[in-house]
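The structures come next, written out as structure tokens.
Two complexes are shown next, each including chain A; its partner changes from chain B in the first to chain C in the second.
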Partner chain A sequence: MTNPQIEIQLIASLVAVACAIPGVFLVLRKMALISDAISHAILPGIVIGFFITQDLNSPLLILLAAITGVITVVLVETIQKTNLVKEDTAIGLVFPALFSIGVILIAKNANDVHLDVDAVLLGELAFAPFDRLLVSGVDLGPKSLWVMGTVLLITLVLLFLFFKELKVSTFDTGLSSAMGFSPLVLHYGLMSVSSVTVVGAFDAVGAILVVALMIAPAATSYLLTSDLKKMLGLSICFGVFAAIAGYWLAHWLDASISGSMTTVLGLIFLLVYLFAPSKGLLAVLYRQKQQRKEVSLITFLLHLNNHSEEEERHINHLNEHINWKKLRSKGVLDFATKNNMIRIENDVVSLTEKGEEFTNLAIEYILTNKDEHIEHIKDDFFLFRG
Partner chain B sequence: MDETKLAISVDDLTVAYDYKPVLWDIDLAVPEGVLMAIVGPNGAGKSTLIKAILGIIKPIAGSVAIYGKPYEKQRKLVAYVPQKGSVDWDFPTTAIDVVMMGTYGSLGWIKRPGQKEKKASLEALEKVGMLSFKNRQISQLSGGQQQRVFLARALVQNASIYFMDEPFQGVDATTEIAIINILKELRKAGKTVVVVHHDLQTVPEYFDWVTFLNVKKIATGPVKEIFNDDNLTKTYGINYKVAVNK
Partner chain C sequence: MTITEYFNLLFTDYTLRTITLGTAVLGAICGMLGSFAVLRKQSLLGDAVSHAALPGIAIAFLITGTKDSNVLLLGALVSGLIGTFWIRGMITKTHLKTDTALGLILSLFFGFGMLLLTFIQKMPNANQAGLDKYLFGQAATLVESDVKIMIIVTGVCLFILLLFWKEFKILLFDPDYTKTLGFNTRFIDVLITFFIVLAIVLGLQTVGVVLMSALLLAPAAAARQWTNSLGFMVFLAAIFGAFSGVLGTAISATQNNLSTGPVIVLVAAVFVIFSFIFSPGRGLLFREIRFRKNRKDLQLKKTLQFMYGIVESHENISHPHAIRILNNFHGYTKGSLRTLEEKEWITISGQQWALTQKGFDEAKDMYNQQLKND
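And now, the complex of A and B:
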């Protein structure tokens, strides 16, 4: 690997981590769309900052643009509070308006400088190593490395200091407020950090893809863990993996680095969405099928329990009695037999002792409706699950 | 009532959403050591009253005092259990972690909970009979279990006044009894407990103090004296007959 290659991967990783952290809280607060709004609406801030500083990595520009980001949030909330439009409509109104101001400003004034709409939308990591930070003639590395490093450091320090406050205000606004951790302060704190991160990452990955870097790692890890710290850790890992894998994918395809990073993130999400152990689509579908079959079983056993007369329990008439198709009846019959809950003598089905015990417990569960107990009962009685 | 210490006093409290009053000129004096139900029809402002006392909603007029001082100075004396439905139970966290949140208030900003807070949280979980579920993800708990976890979180706050918003909503009968027993224990220990309550039948059995609310305060006082058809009719607007204790 050459030096610029390492530098690009390093910057990409820093961007990914800096985006993943606020992203987790945005996803948990159901505010993913706000990151989209911020990433577009900061454009006028960046353009004006660029006219003043002539440098996309200047701290002043980052500050100006981040303020635009916070203004976006304030505007969205102000419009929404009037109750004349809904939140998503307010978001859809505010950010295109601000973004278009930025586009017009660029077109009017910046035709001859390095700032065009393409760069703003998509960013270009490949150029990042060319813009060096020189202090009295000494080369300290790419400027964006320093910018993103600083943004990440601030984010990490804030996360470390206010983790508990962010957690409680995200989970339970009322309690947070009653305890004196102002949800408003924490909300705007998070919005400010998100804005600064977006501005810092913007040069590298552009306004569209920065949203993916914020939301995709969090959405992915949400499906894999039920612990906030692990969710943060996993999001960071996914971000870094996507940054490095994306770089090499771009290298191989000779395509945009940021585009490849996002593609990798999308693929990771798709895999996890399908195959996550308990919250994945396949696991959920499997569980639903299992539950359907187990409910059928209980229905069937109740029927047996309720009817002592043999004609109600004759194997050839069972499906008529409980109004099931033959295939389903047979499946349930097999399932019950496998679990030693029924026995069949002369084509007449009856409950075994175990089957009776299970049925009685199940009735009690249905009557008292203590849903926490049914899984126990199933665990105790089933040799095979549905 | 001068001889008893007032746990909560509310003066001329008015709260409005969009210029529509939700609470209108409420005066309320809750003596220390009572177990009080707030009853009233839907939209009567029961939850709003609690939220306004706790500063979660800013009133447009009036004032609130907890043991004679503004709430902001008395936060550590107060525990709050919001409605179960007000939080996202899919949030990635465990039962013990939710209970630990109860210790955050006394820790203040930045400071993290340590061993002492963890021990107190485990004890609180044990008290509500949920110790064996401590590492369970909260979405995997039943409605009753979630409410017990919320109660444990309030217990760990070790407060003098407990505010609970509909703690019996969507819980099974066993949990309801477990919760009311703990609330009665709190009262026995001299704490004040304020509960937004829906089931009028159980008011005389569970509570010793009651406030009737319907935007305005209808009545407040001992259950034995004021829990009658007259006040119920005034509050609910229909001719109300209580089946119990009559």
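And now, the complex of A and C:
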């Protein structure tokens, strides 16, 4: 690995961590799309800031652009308050308009601005190591490393200082205002941090991919854990992994670094989405199937319990009576037999003692409808789950 | 070329006519279907879908190697639909919320698309130039066959819309009721979503991936302000959309290096701002005027009520009182007294006022109305 390569990976990892932290809170607060809005809407701020400072990494420009981000949030909220359109429409109207202004400003001043539209969408991570910070002739490393380092440091300090407040206001706004932490201050604080992060990361990864770096690690870890601290930790790990793996993927394909970082994030998300224990797609589908079968079993047992006459309990009759397909009836019958709930004699089905006991408890559950009953019953009675 | 020249050329120049017709038709179909997206609270779905279409374009190019826009848009349609249904799957099957699902699909698909685009750009043999027109759109690249496809799709869409009008409408406003009536809500839902995705994909060439969602939303959001009837809203949104398309194309064609997408979006945004402010029913201006009028009205009535309170105990209601005694009450000014006099509720002579019979009745009636409303 050459020196610039290490620097690129370092910058990418810093960006990923700095994005992942506010991203977690945005996802939990159901404001994930605000990051999308901010990342587009800061473009005019960046362009105007660039006219003034002539330097993409100047702190003034970052400040100006971050203010544009907060203005976007205020604008969206103002439009929402007029009740003329729904919330999501307000977001959808504001940011394309601001982004368009930015694109047009760039296009009209193409000669003065060293920004092109591709850079806006993709960032220029590959060139980041060549823009050095020189203090009285001494090379202190790439500028964006310093910018992102500062942004990350501020984010971390704020996170440690206000972790408790953020946690409370994220999960229970009412409680948080009752305890004296103004949700409004925290809301705008989070928005400002997100804006600053987006602006800082903009240079490196571009307008749209910064959204991926914010949302994807948080969403992925949200599928794996329900603990805020673990979620933050996991998001940071996913972010850093995607940054480094993405760099090497880009190196191998000779393609955009930020694009391949996002692709790695996408692959991680896809894997977790499919295979996450208990919250992943396969787990959910399996659980739904299991529950469907168990409910069928209870329906079936209740039916048996209701009828003492033999012709009602004849195997062939069951199909038409409960209106099940053959395969399903067979599955339920097997399932019940396996659990020793029923007995089949001469094609007539009857409940065993265990089956009767279970049915009575199930009826009780249906009458009281309290969830804690049924799980416990299932554990006691089922030898095999559905 | 100035804008007037553009419109003069419009009737003589074949290319300009094609492009203008294309953007007009595009604006119309987006407005029509956008109305449904806005009312179904799926405004941002358009954003996600348009971004999600990018890898489809790149993959279609990688597989076929052609730049034929129909093939590329077919790829965009497929990947847009995959994105849409993945979003739905995420929302229904996991505990991720709508906004997270939308943001994920938007950014992940787009990132993958950008990876492919940069990969294609570095391929040695590819005639790849021009794929990035799909980012911000370039109306100038529209050719007759593109416009024909747009017109055909718009026609089919209009036909389906009219055919299923009742179903779309009822699903829009009361999905549960629709289900109990026995309609196949899933089918209607998928149908309308499919057409929304189709409209977005059609616009990619003209407006581009990044800003396409705005063309879907803005005309509909503007039209919503003028009417409460779905039919009229769809019609109005189509008109707004068509005008945004034509004006935006005209402006961007008359300037150097301006992509069409941003200009069309800004024109549409102007329509929205205008509608927000000036629509008579819901607009901010008239709402403010109504507020002011009500406030003024309320103050007049307050003064009148106060006078009524004084007069009530007198036998002769028109017995004059000094204006001075109103002093401890803040609801009156010279102007409001004059207005009261103009309404013939009071008469003023010198420093004294007297309630008329009409004013007395009015004030009395006000109390009654209050009681009635309670």
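Here, the second predicted complex is superposed on the first by the 383 of 386 C-alpha atoms of A that agree within 3 Å, B and C clash if a C-alpha of one lies under 4 Å from a C-alpha of the other, contacts with A are read in each partner's own complex, and residues count from 1 in each chain.
Definition applied: contacts are C-beta pairs under 8 Å (C-beta built on N, C-alpha and C of every residue); 3 or more make two chains touch, one makes a residue touch a chain.
Owing to the predicted nature of the structure, the values given are computational and were not obtained by experimental measurement.
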item	value
Superposition on chain A - do chain B and chain C clash or fit	fit
Chain B versus chain C as contact partner of A:I52, first or second or both or neither	neither
Touched partner set for A:I6, first chain B, second chain C, both or neither	neither
Partner chain(s) touched by A:V157 [first = chain B, second = chain C, both, neither]	neither
Contacts of A:V85 with chain B and chain C, given as first, second, both or neither	second
Touched partner set for A:V348, first chain B, second chain C, both or neither	neither
Comparing the two partners chain B and chain C, which touches a greater set of residues in chain A	C
Touching partner for A:A255 - first (chain B), second (chain C), both, neither	second
Which superposed partner A:A178 touches (first chain B, second chain C, both, neither)	first
Which superposed partner A:Y222 touches (first chain B, second chain C, both, neither)	both
Vertex chain A angle, Cα centres of chain C and chain B, expressed to the nearest 10 degrees	80
Three-chain overlay, closest Cα atoms of chain B and chain C, distance in Å	7
On chain A, positions contacted by chain B and by chain C	222
Chain A residues within the chain C interface of the complex	27, 30-33, 35-36, 40, 79, 82, 84-86, 88-89, 91-93, 96-97, 99-101, 103-104, 107-108, 110, 117-118, 121-122, 208-209, 211-212, 214-216, 218-219, 222-223, 250, 253-256, 258-263, 265-266, 269, 273, 279-281, 284-285
Residues of chain C touching chain A in the complex	38, 41-44, 46-47, 51, 89-90, 93-97, 99-100, 102-104, 106-119, 122, 132, 135-136, 210-211, 213-214, 217-218, 221, 224-225, 255, 257-259, 261-263, 265-266, 269, 272, 276, 282, 284
Complex contact set, residues of chain A against chain B	28, 83, 161-165, 167-168, 170-175, 177-181, 222, 225-228, 230-231, 368-372
Chain B residues within the chain A interface of the complex	18, 51, 54-56, 72, 75, 78, 80, 82, 86-88, 91-94, 97-98, 101, 104-105, 107-110, 112-113, 137, 139, 141-142, 144-145, 153, 172-174
